[in-house]
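Take a look at the structure set out below.
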Amino acid sequence: RAADTIRLAVQKTGTFSWELATIRANGLDKEANLSLAVTELASTEAGKIAMRAGNADIMLSDWLWVSRERSLGAKLTFYPYSSALGAVMVPASSPIKTLADLRGRKLAVAGGPIDKSWLLLQARMKQDGIDLKSDATIVYGAPPLLAAKALDGEMDASLNFWNFCAQLEAKGFRRLAGIEDILPKLGAKGPVSAVGYVFDETWAAGHRDAVARFIAMTRKAKQLLVTSDAAWEKVAPLTGTTDAAMLKTYRDRYRDGIPRRSIDDEEADARVLYRVLAEVGGRDLVGPAPELDPGTFYHAVPGD
Amino acid sequence: MQLEVDITGKTFRSAAGETHDVLAPVRFSLGAGEVGVLVGPSGCGKSTMLRIILGLDHDFQGEVTRPPNARIGMVFQEPRLLPWRSVEQNVRLVAPEIDDAKLAELFRILELEAHRSHYPGELSLGLARRVALARAFAVEPDLLVLDEPLASLDDALAGRLREEIATLVASRPVMTLLVTHSLDDAVRLGDRLFFLSPRPARILAEVPIAIPRDARGEAEIAAIKAGLERRTQSERAGRDVS
Amino acid sequence: MLRLLSFALFLAIWWIAALFVGGAKLPSPPAVLQVMIGEAESGALFLHLGATLARVALAFVLAMSLGSAIGYLMGRVKFADRLGDPWLILLLNLPALVVIVLAYIWAGLTEAAAIAAIAINKLPTAVVTLREGTRALDRSLDEMATVFAMPRWRAFRHVVLPQLAPYIAAAARSGLSLVWKIVLVAELLGRPNGVGFEIGVAFQLFDTPRLLAYSLTFAAVVLVIETLLVQPFEARATRWRPRAA
Amino acid sequence: MLRLLSFALFLAIWWIAALFVGGAKLPSPPAVLQVMIGEAESGALFLHLGATLARVALAFVLAMSLGSAIGYLMGRVKFADRLGDPWLILLLNLPALVVIVLAYIWAGLTEAAAIAAIAINKLPTAVVTLREGTRALDRSLDEMATVFAMPRWRAFRHVVLPQLAPYIAAAARSGLSLVWKIVLVAELLGRPNGVGFEIGVAFQLFDTPRLLAYSLTFAAVVLVIETLLVQPFEARATRWRPRAA
Amino acid sequence: MQLEVDITGKTFRSAAGETHDVLAPVRFSLGAGEVGVLVGPSGCGKSTMLRIILGLDHDFQGEVTRPPNARIGMVFQEPRLLPWRSVEQNVRLVAPEIDDAKLAELFRILELEAHRSHYPGELSLGLARRVALARAFAVEPDLLVLDEPLASLDDALAGRLREEIATLVASRPVMTLLVTHSLDDAVRLGDRLFFLSPRPARILAEVPIAIPRDARGEAEIAAIKAGLERRTQSERAGRDVS
């Protein structure tokens, strides 16, 4: 029987390409009887274009966007990939000790006003009566640029994607708070995977078995990356650094982010956080739906 | 082959919005081998008339019938050469079939041999005008239109070129229309002279010259010129009285 | 009249295309209009458009005036041309992204950095166009101005400038469009407002109606400026040109 | 000679600046050169540069030829101008990003979509420049060509084209730079190779030496083409122009 | 006030790479109130000489001393008007201080009243040349340089303008340099005539005219012309023999 072909859109500098490298190196794709057609792309948004243009079956995005698309008519669906979220980083010697100290400071926010981590942080601070948007000076910008600016000392604090935080950490920055750490206060019962594999519902229905094998295969790859440092050796060249400390941070953070909860637990927490996000981000962010769209999570994987 | 001109009027609207009547009704015809000469005050509408006759301006009242498929040779009032092509190229571009001997002959007559490879920007005005003449001759025209072709040339050269025009006209059945301010040129070259009024131009007088061109000696020419001058003077006097 | 008709034709084609390929691939005009109205009512549209227009205006004026001056100099003075040419080619062919990133790195995530970066991106195209125009100047008119001892500025204004006008027009039109393309990148990478910022957000959400709403609003603004200001002015300025018979 | 000197000056300034602000903010020339050599040895440089150059060449030729033709038509025929003008302004002022995204969505993440999108972005600036050039054409030479019954093509080639040459030169130079700016966006958003792709990756990794290495390699290619091909050709083509006394 | 011209040579290098000697040694001077006339065959180097004298071309051997701060009025061989400025603006731009009465007077003499608001593209060549004349007169020049100012004008108008030039020259101490192909103009206007050789131009003969300009009647003029013609003929004959 010929292998099923799955077309993937992957950001070259993203962690998905680490996973794929592991899969290839260990022949997991052949084992799962899948043929992976990978399109490497240079930016995050390119995956969405590939999907919309019909050039990819699976790409990475978050449930927030999937739900929004569903409410607008595109029947996409989501399966957890990583629970790693951004973090607020400050220089080691910074006088900022708690999130509340961010008041009156210059805070860099990567990914713009609709970034999940940023919205969650705002919601958390609101609980303490702090409106960060007006109480602090917010600087939006491209993640790599803001990371460089943080290193420069132009920012008092910065909220960036986890991989950039890892870089800062390796350069001696202090982790003021990870966004995953504030989730419980917002009502989540455990780590929530914001990022996941996204694919079309109808396509998935037609390739139910292939999808299941795909997910099983990625689980194996993740497991390898958790257990085997040899597997990490293969990934190291893709991270763009040769610095041992930074590599270690990358590895630890990646391992921390691997989703381990049941899909129903994930969905329940996502539902809670969605309400929080909808309140902060408004209609612009979530679209017309006040609740997480019921079909957002993909449930047809055996073993969940 | 016949050129029929029957213009009933031509008006320009200037950019400032005023209208100027430039041509009053003008009507004449010209046959093959004939040289018609237009003489009239500066700004009266001669060049405008030529543009209409050549089909460059369609915005007029009246009708012009050109012989169909007539090859046209034209010397504009300014040289209108292509600045980015050499003298030789300027000529060859409008007359691609011309053979080298013919071209060499033309350049010799017009004293342009030394300037073949020059660009128009490197010519004196007189030289540029001669190139324009060479271009018009090179096409071996059926209809030759010359707008003050001999201005800016010294008398000796102008005289020689006048001879050349006469030779050309004699050698082939060319219809020629010549605009000039020089009565001398008019009388030496023309078969019929049209004297035009100031703007709006109309034909004040049409004067045929009966003596064939090659039979006109200096004495005849002087006589005709004297006759014409007397005529215009009496006319002017007549106008002054009225 | 014809312009309006042509515009209506554009809308019609768009609408029909949208009906054919579906709203996901191409939102229909009413969908986009609805977003526009929504954004206008909330005031966000004017805020962002205003911010972008201010940046565009500043960068445009800066780049056009400096670029024209340099281009004129390079067209006139051979030495300046030889000296400046490699720089010019380099600047022309530096990607917008690189210039913007470097500007932000050096001058901070500031308004000044953004405007400077945009202006630097546009500058060389203005230089190149004006240089060509200057090279094509009519020397005989220059000589006339010299002989009659026209003061420098008067000669420039009445003899040189009208000859450069079509080049300036070309540089301005294509330059405005370039500035507009680049301001979006600059806003995307490091500004907290502006149409580029909004387009970035819309892009992240893959919200095509919003993407189009903001893009088209700017185009509409330019269209209105062109129709009401630039073209009447241009018609007056080129009145002297002989019209086709 | 002067060109080389000027280029050396550029390197010197860069180097000194790099020493002053430090390698993190501005990598020094040797650092960038080293990356270039490394990428060249691995063959990646040629792969990506080749892919980008092919796209640039195709899109450029497409946009220039089509844009020049449309611009000429709009400059000549008033009706076409009136009809096309609103479209032109719209196209001019549509952000590159939007055009590229729409092209990819409609035509898939294909090479053809990328090239078409890039060409569409450049097209209107060529139209605008050539339209200005056409409007400024000398009617008296047209009349000459008509009277002498020059065949259409010959008249175009010898009478019209030389007058348009400076406009074409301006459109080509600034157009090439625009195409280059846009090809990067197109590659960033949906191509698996090319300089834009590499620059995107370098940006994500904030690898400034790599960013500069790729940017400058392209600029160097253009510089070489300009020096060895375009400028000698241009000098020949404008020989006729009276030189300054 | 004195104009001293001492050119020892002028060579052009054409775009094709050839060199052309255009001026041989030429030396003369001109005082205030004097009218020098340059007569020579087409393409001999007259306009080139004028450009050198006016300081438009510095690439020559020799020396030219112009009176310092002399206001210059020039009629180029082509009109050289600014196409984007109206007739009136073209004049006012070089002579901003001219008063309205003076301007109106100029336009009346040159028969340009109807064309004040026209753009140069809307003028006939003769009209454009007249605007160029108006411009040169409007600056009230100390040094007036005229390169074939009366070409392309009809005889009647040319005669009237010749009178105007004479009046201007008589009314103020103007140095005038006139290039013409018309012996008639030369004799009626000139104080000293310089006859030039073909390219490279040198002065073949310098002929002063002793009779003051306003004392020259038709008879005197005819006599001078006849004398000059005899002279050139005998010279030509002499050259042919040698």
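Letters A, B, C, D and E mark the chains in the order given here, with residues in each chain numbered from 1 onward.
Everything that follows uses one rule, which is that a residue touches a chain if its C-beta (ideal position, glycine included) is under 8 Å from a C-beta of that chain, and two chains touch if they have at least 3 such contacts.
These are the chains along with the protein names UniProt gives them: B, E = ABC transporter ATP-binding protein; C, D = ABC transporter permease.
This one's a predicted model, so the numbers in the text were calculated from it and none came from an experiment.
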Co-neighbours of chain E and chain D (ABC transporter permease) - touch as defined: B, C
Copies chain C (ABC transporter permease) and chain D (ABC transporter permease) touch via same or different residues, half shared test: same
Centroid comparison with chain E (C-alpha atoms), farthest chain: A
Pair of chains joined by the greatest number of C-beta pairs in contact: C-D
Mean-CA-position distance for chain E and chain A (Å): 85
Inter-chain centre distance, chain A versus chain C (ABC transporter permease) - centres from mean C-alpha coordinates, in Å: 38
Intercentroid distance (Cα basis), chain D (ABC transporter permease) paired with chain C (ABC transporter permease), Å: 16
Junction residues of chain A - those touching two or more other chains: 45, 52, 142, 145, 148
For chain E, residues contacting two or more additional chains: 15, 51, 56, 78, 119, 122
Residue list for chain D (ABC transporter permease), restricted to those that touch at least two other chains: 101, 105-106, 196, 199, 203, 239-242
Chain B contact footprint on chain D (ABC transporter permease) (complex, rising order): 140-141, 143-144, 146-150, 154, 158-159, 162, 237, 239-242
Of chain C (ABC transporter permease), residues touching chain A in the complex: 23-25, 101, 104-105, 108-109, 188-192, 197, 200-201, 203-206
Interface residues, chain E side, partner chain C (ABC transporter permease) - complex: 51, 54-56, 71-74, 76, 78, 80, 82-85, 93-94, 119-122, 135, 139, 145
Chain E partner contacts - residues on chain B that touch it in the complex: 12, 14-16, 18, 20, 39-43, 46-48, 77-78, 86, 111, 114, 117-119, 122-127, 130, 148, 151-158, 181, 183
Residue numbers on chain C (ABC transporter permease) that touch chain D (ABC transporter permease), as the complex places them: 2-3, 5-7, 10, 21, 25-26, 79, 82-87, 89-90, 92-98, 101-102, 105-106, 121, 124-125, 128-129, 131-133, 135-136, 139, 166-167, 169-171, 173-174, 176-178, 180-182, 184-185, 196, 199, 203, 208, 211-212, 215-216, 218-219, 222-223, 226, 238, 241-242, 244
